[in-house]
Structure formats: structure tokens, C-alpha cells
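In what follows, a structure is listed as C-alpha cells, so that the remarks can point back to it.
Per-chain numbering from 1; labels A, B, C and D assigned in written order.
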């Protein structure tokens, strides 16, 4: 294929990945920013979203679009509740000590993953897209749904931004993020805020998964990649900085797409991975992080 | 006693035009500072005068934006902290910084071993010596976290002693100590006088006036005045500075 | 009895016990223990960095794999003897850990986790990329004929066990010496309070770098031996999963304890071996164990014993 | 795992015995153990224990489920017909997590704890290669159902055999003539960037050139990949045939995205069914596959010329005429692989009966008996088709099928001869010691 169209296609693919990644990573970033907790189980909440989407759509059974919309509401809600419960039963009792929470969330990772394996099984199951329209350029065909994903993701991200910047909840969150003790002193119920944030972070990951699952399939091991990628994105973006996270997601997603134009696939992956490593080595606080860590 | 601004050969430490700014804010600007061997020097000044930043640049925790630091007659401006320490500086933190989960013995041993990694027996001896000098020998095998705040400050000083430094920098050592503990501390400093040069950042004026041979007053990152306790006590600018900023 | 004496007795006794077990254990558990001892060495290497120095690496599989492939590839393609191949494996891990250390130690905390993770991921992809030589994910068999160390055929279960025990004993001794030496005490100091250690005049970077190299080289040695003793070299050992395992073993057994890694690896092995008979979702139990651990035994099994009964445990 | 319980009945006695033996034989080295244990066992006439190494979890899980159903069905049949040498067959299943390390551990468990007579049933090549050395050391006959070339390549050992399924080298080279003469000569290959994919790349490139064709582009997809569209532009415009073979959870994504990319005006597409094993042909997005071709080792859909043997096989395993579970039409089988378990078990039966197999001490005899086999006729025991077993290379060779997607069903288009699958021996295991 000619270079121009190829680049276009690669960019489209990169954009889809960026969109979903941004949504997932913002969830992780929110949790880290507010609670200073590295949630290793984040990817499993993503997986949970996809699996729940499959269940909901098969349960609803009507036109795929209906099932999809229901899933877009139910799956994040359920994932959020489970996450909040995990926070109250485990993380809270660890007093959010950084090291222990990493271990605990590794444990939660396995618990969620394996419970899904026991109930949903080891298969990769497809979820039908709300609409299966394709459009054709002179060079290639492309699924309109993928463009739809980009759109929705942008809307959701704007939603998060409004929530953080314009609402009272956002104010409380930012206050808690700035200074936990101070917030407590001002009568902010920090513990409930933390549970809320942890749930919200998981819900965002689940939402991203609901968007992607009509493109990929729901599988109990699908949580790994989103976790790694959103980890990378959050660090590159500068810990806790939502804006940085989004920008980094776009950078990572696009570069993954574009690099694949110029190299053989595996080599492209190798280079993309090394790129991330070296960005961190020479900007240890991320591209947009403040100097002192 | 060294005269103002002189760079006599017997100076242990000298700075010339030492400056540091944090993004526009000038924390320390163009300080020329001389510290003769064997002196107990107090460094005072209102909050935010740049005292901690200044000593930070002396021992290498903070890099200088401009100027130089000379220690034992050699320029150490470019040296990382650990190299300056190994040349004979010691620094005790303003906010207590110890190895909380280790025993007192091990805390001090870490300080001693850098010099004497070779022979354990000697380490043992010096550790107990340092601990006894701050009166913590009987607690040698406790975990540092279990100590009272005052004792933790003393432990930190013991770590300073354990390093047998040429220059001991104490950043607000008496902060949060009870009067009785302050008294012990004064005796401790006296006992060190002569063997070690001491740079003392201190808010407690009684301690300063009683202990210091010589005082440097820092204000807005600049040297406002230097002199004997009496001279400083009489100095109008100093009083103004303190009253001015509370 | 002095602490040094106590620990000498304890660890000497442990080795003696393992030796005895080698002769009385039923075949199945005999084989398992041989495996676990080599894996424990991997975890002990990891523990030097994570448990004692306080640096959390998510990429140790690259060191394990470097040792394994350094050993396997030279036997497969260059016809090296087992001894030469093992040495190559160790050297490979040493070189890799030096390079990775020099680069990754520019970062700290979470960034360090990610950088090591990324390097390990690169390592895994490189193994696949050079599939002509590595046979990628499939890997290759180390033929029985090449699995002879100093005239001893380590494909024989008895010999394999003794070889694994010897490796374990040597590494145990090295690490014991390391953590009881002033150098090891400084590593602990860095873990406890890096800034303080620096202001006592210790060269933090140098100490950390050496820790990474020791840790990576020991892990790589385990990889080289694992491949040789069990006759297989494959890419699955370079995956993220195998970077997580030593972390889990060390956490279960007790970070910053000399015997913790063995206990953790053993515990995990039988946890999986037994529960896999009950359900295919056996990692569920590993998950529950981890959560309970953080809630009730923060320091791991041996760590808790040290905290409650034997503060002298190294 | 009820079968485990049965094991444990007589277990304690044997454990004690074994511990004694271990103590005694300690200085002689533990390797003397199996012999002793074998003696303890052969006296009894208890079940023949077949250690079944199954991918219950990990990327092989979908295959594992159907391998398990097929194996249990075959065991049921065999036992209903009087078992092996009058002894019932008992399947002792252990999950290997589709991981080579765990696989080796499981093989040890079969040999030393479950006291299995043989190990059997592994699909994924890396697990086979990781486990085979241990099987060899433990002198445990290891019958794999992997379609990998590892056995015939000579990499493994005398105790490892693949008598139930043709290997990838044969499958691939047998496709070339049909592809070249019916679909086109300029081929672009898309395959996973690991050994299994490299085998396809190497063997097919060679085979197609023999047919005067050429592989003009090779696209190796990293196994970590979950979206594929961005690689399709690498397919040259002048491609006659796209040759695809994918494995793992992302296969459906791959095929769907290929369809989205091309839409109606696509080149000829020839795929290995691995790209769609256990995937419902009716899944949304697969319409575009109509008119494309697939390799199948055993046609998933009951064909017009269906044999009575295939009918019986489907009935026994519980698979309907569309290759899905009779109890759940969405649960599609791995029909092109699972027959291997069935046929392998019957080969084991034949081998044991020929060898007069009593217990572990006769393991070598069993191997020799199987090595002695050559022509295997089409039958209820071998429903996939007639086969030739090569005792020297421990590998079987059989007919391959090419089907064309017509109205969402895979319809037989071509059947290769066994000769198409043959290639010169690369090893003679019979010359290797036991």
C-alpha cells in the first residue's frame, strides 16, 4: 500500500488504542494521584468490564446496541462496587502503606482473575458491536465502530475533567490529594473519598473495556497488557497528573501504531518498549512530572 | 579568633559567593563565609532566612547555583555529598533522620564503620563510646523507633560523633527537647569543643549565646551580621530582622 | 550463643537437613525439592535487591533467562561443555545486570519498576525475534549427553538433587556472608533511609549498582542451572510472569531474610501442586494467601518468626 | 477429579514401600526407584493409569477442554469394550497451565506420584519440548498429540511418540500443490512470530517453490499483539493468496479485522483452521470468509461423504454435525486436533496388547511394539482416516483436508494423499537406547 494511506491507517489504529488506553490509564492515575496507591489489579478491573459486558449483552439478548448501552452502565458500576469493597476490606486496613498495597493488589489481581476463570471459563468470547458498519477508502476498509470508540472515549475523558475541575466532588478529591491530614481536619471523610476514588478508577478501566470488547474478545487473561500500558502511561505522564496521563496515552498509542509502519512487527514492539525505558531513564519523573520526586 | 571575611590558612571551611535560587526565589545569595578550625559557630536567622539551604550546600545535599565551597583548603564545590562527608564533615538533620527499624548500636555502627570497616573490635568500642557520651549506652540494643523524640535527637548526634568529623553541622539539634535534655546537650557540645569544629543552626537563643564562640546571622539569604555573642546581642539590624519577621 | 554462631548452626542445620531429605524423600517430592532449591536460588538473588536494598524490580526474568540462554545457546550451537556453558550463562547475567544497573539506577521507586519491566519485556521479545537460534517460545531441549558436570550426569535424579543442593548451599553461604558484612549492612541502611546513609558518607549509587549485579548474577546462575538440570531452555522463562514469581516467593517467605526465599518458593510450589488438584483456578489460593499475608503477616513467614521470636535471624 | 481418589486407595501401601526402597536405594541413586515401584505394581491387576497432561488454563484452554472430552470418551469406549489386556483404563488428568515448567512437573507427578503407566495428550509444542526430557529420564512413555515437528525432528527421545496426529511439516507441505494450482502462486504469509509460525513459514516457503510458486511477503505477528489491522498494509497489492495461521485468544479479532480491511474485493485467502479452532463460523464479522479455503486435519462439519466412523466418533464425544457440542451449539470443538487423542489412545491400546504390557517394567516393550506399527487403516479407532506410522521417527502421517467456506459452512474441496505428507527421515529413534 502507498505510504500515505498506510500512515493514515496506522494513525487511526493508534488513535483507537490511545483512546482506550487514556481512559484506562486515567483511572490508574486518579487512584495513584489521590491515594498514592499503585493498583496492580487495575488490569483485572479492565478484564472484569469486558467479561461483564459479555454477560450483560448475552443476558439482554435484544439488539446488540441495547445490550451495549446497558453494559456501558452496568459493567463499570459493578466493577466500581467490587473495587470499593476491596478498598474497604483490604487496602483501608493496610493504612495504604505503599509496599503492602502493591502486594495486596497483586493478590486481588489473582483473586479476580481466577474467580472469572472459574465462572466465565478460559475461552475468549466475542461481544457484538452496537452497529457493524464498515466504510471503504480507496485503499482499505475500516470499521466505523472504531471511530465511534474514539469519540465516546473523548467524551468520557471530558466528563472526568469536568468532574475533577468543576464539581464539588472534584474539589474534595483535589483537596485530599494535596494534603490528606488537612482534608481530614476540614471534615472531609477521607476514607469514604478513598473508596470512591478506588471504585471510580476501576469503573473507568471497566468502561474502556466495554468499548474495546466488540473489537477484541473477553478473555480472563486480557488484563495484563492494559495494566502494563497504563502503568507506562501514568509514569511517562508524570505520576498523578491527569493531563500528562492523557498526553502520554496519545504518545504511546500513536507511536505503537506508527512505529509499526517502519519496522517488522516484533522489531517495532522491541523498539517501542525500549523507547519507554529510555524516556524514563532520562526523565525519571516522566515527561510532564515535576523535577523533585 | 578569625577576623571578619578573612581567609586565613587555619580556616576549616570557606565559601565564596555561594548562592542558590529555586526557580526565581533567591534562597541564598552571594555568601562569603569562613569557619576557623576548632570554633563553635552558631548560624542564626529568622525562619526562611536560608540557613538549612546554606548548610545543605556546604555538605552537598543541595547543589550551589553559583559560588564555591572550600573544605580543608580544597575546593569541594563539585563533590557529591558522600565524598565531602568522607573528607570529614558530618551532618545531623533538622527533622530527625535515623534508621528506625535498626538498633541504636547498628545506627551508630553505620556511622563508625565507614572509617573503620577493617576492624570490628574497634568499631564496637567507638560505638559504645559515642552512645555513652550521649547517655544512651544502656539502650544500645533497643530499636531506634522505640526511643522518645529527645533520645532520637541524641542518637542522631551520637551518629555524628561516631563519624569523628572535622566539622560537625548540627541543624536545630535542640528543637523539641525538654529543658533537662537541653542541659545535657550543652554539656555534650562543651565536651566536644576543641576536638571538633561545630556549625550550629539554632533557634534557642540561650543555647546560642551560651555555647557559640562566634555567630553568623543570615537574613533573606544574605549575611546580615557576624560577631561574638555580645556584638550580635547588641546589633540593631539583627533585632530589627527578628522583630520585623517575628 | 552469639548471633553469628546461632545463624551458623541454623543454616548449617538447614543444609544438613536438605542433604538428609535427599536420601529419604519419596521420588516425587525428591524431584520437587530439587526444583524448588534452584528456584529458591533465583529468589535469593532477587531478595538481595528487593529484600535487603529495597529496590523493587519487575524484570528479574531477564537475568534468569540470560543465564538460561547463555548456557543453552552455547551448548546448542557452539557445542560447549556443561561447565563452559554454565560459566557463559553466569557471565551473560553478570554483563546484563551491569548494563541494566547502570541505566535503571538513574530512576527510583515506581519508575525503577517500570524500567526493569520494560527491559525484561524487551529481552522476551528479543528471544522471539531471534527464533532461528532460540526456537522462540518453543525453546529447545538440552540433550542428555551434554548434561554432565565434571563427569557427573545431572539428568540422574540423585545427582540432580545433590547438584541443586550444592548450588543452593553455596549461594546461601555467599548471601549470608554478604548480609553480615559491612557492605550488606549498608544495603540495609539504604533500604531503611537512603538520605541518611548518604549523609554518613556512603556512595549510594555504587552500593546499589553492586547490589543489582550480585542480585542479577545469582538469579542468572539459577537460570543456567535450571536449564541444565532439567534439560530445557524456553522463552516462557523470560515472560513477565517469571519476574513476578520471585517477588511472590520472597514476599511469602519474608523479604530481607536469608531463608525466606526457600520457604516462600517451597510454600508456593506445594500450594499450587495441591490446589491444582481441587480446581483449575489454583492461582486463586496464591491470591488469597497474598492478601492474608499483607493483613496478618506483613513480614512474610520467616519475617514474622524473626519479628516475634528470633530477632537475630539474618 | 474423582479419578484421583481411585488412585489414592492403594496409594498408602505403595508410598510406604517406596520410601523403604528410597532409603535402601539411596546411595545407588534415586534412578533405581521406578524399577522397584514397577515390581510393586505389576503384581496387581489394577487399572492402567494414563497420565493426561491437559491445558485446562492458559492460552491452550479451549483446546484442553475438547482434548479432555475426547479422551474421556475414548477411555469410556475402551473400558466398555473390556479395557486393555482386560484391565480398565483410568485417566489421571493434571493441568499444566500450558506452561513448559509446570508441564515437566506434571510429567514427574505422573511417573513418581500417580504411578501412571504412560503420559499422554499434550498439544502445545513448548509444553511438549519442556516435558519430554523429564519423560525420557523417568523412562515414561510420552504420547503427544501436538502436531509439532519436534518429535520427527529428532530433538526429543526414545520415549516420546506422536502416533495420533500428523505433524506441521507434513500438513504444510501437503497444502502447497493445491494452493499453487488452484489459488495462486504469489503468496503472502501471516503467522505468529514464534516457533510454530516459523515452521509454517519455512516449510511452506520451500514447498510452494517446488510448485513454482513464491512467498512474496512474510508478516510475523508478535504473540503479545491484540490488534492486527495496522499490519495488513504490509500485504503486497500483487498478492494472489493470503496464507494465515494464528493461535491464541485473539484469533477471532485477527480474522474479523482482515475482513474489515478487505471487504468484498479480497485476494484468495487460505488459512489453517487453527485461526478459527473453537470459534463459531457464524460469529459476527466472519461473513467475508465465504469463498475462502481452510486446512483441516478433520473436517469440522459433517461432509456429504461422511464415514460411519466419523459419525460414531461425533456421537461418542458429543459433537453435532456442525462440530459444536450437542449440549451447546455455541461451544465449538477443536475438531481438527482432538481426534488425535482418540486415535492415540487406541494406538496405545494396540501397542500394550501387542507387547503383553503388564506394568512399568514393560514400558520399553510398549515403545518397541508401537515402533513396529506401520499401516493404520481407517476404522472406528482411527476415524480421521488411514495413516502410516514411521517407527524410526516416532511420527504418524495421514490424509489432510482442504475445505471451502460455503454459506458459513466448511465444505470439503480436496483430500491429500498420505504420500503428499511424507518427507525423508530426520532421525532414527530405534537406534537410541532406552
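In this text, a residue touches a chain if its C-beta (ideal position, glycine included) is under 8 Å from a C-beta of that chain, and two chains touch if they have at least 3 such contacts.
Quantities reported herein were computed from a predicted structural model and do not represent experimental measurements.
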| item | value |
| --- | --- |
| Joint neighbours of subunit B and subunit A, given as chain labels | C |
| Centre-most chain, if every chain is reduced to its averaged C-alpha atoms | C |
| Chain pair with more C-beta contacts, B-C versus A-C | A-C |
| Rounded Å distance between subunit A and subunit C, as computed from the means of their C-alpha atoms | 32 |
| Centroid distance [mean C-alpha coordinates] between subunit C and subunit B, Å | 43 |
| Mean-CA-position distance for subunit D and subunit C (Å) | 34 |
| Euclidean distance of C-alpha centroids - subunit B vs subunit D, Å | 75 |
| Set of subunit B residues in contact with two or more other chains | none |
| Shared-contact residues (touching 2 or more other chains) in subunit C | 125, 128-129, 280-282 |
| Of all residues in subunit A, the ones touching two or more other chains | 117, 122, 266, 269 |
| Complete list of chain pairs which touch one another | A-C, A-D, B-C, C-D |
| Contacting residues of subunit A [partner subunit C, same complex] | 38, 90, 93-94, 99-104, 106-111, 113-115, 117-118, 122, 224, 228, 231-232, 235, 239, 266-267, 269-270, 273-274, 276-277, 280-282, 284-286, 293 |
| Complex contacts: residues of subunit D adjacent to subunit A | 56-59, 61-62, 64-65, 193, 219-222, 224-227, 229-233, 235, 237, 249-253, 260-263, 278, 283-285 |
| Contacting residues of subunit C [partner subunit B, same complex] | 182, 185-186, 188-189, 192-193, 195-204 |
| Residues of subunit C touching subunit A in the complex | 56, 103-104, 106-111, 114-115, 117-119, 121-122, 125-126, 128-129, 240, 244, 247-248, 251, 279-284, 286-291, 293-295, 298 |
| In the complex with subunit D, residue positions of subunit A that touch it | 1, 5-6, 9-10, 13-14, 16-17, 117, 121-124, 126, 128-129, 132, 134, 136, 139-143, 215-217, 219, 221-222, 225, 257, 260-261, 264-266, 269 |
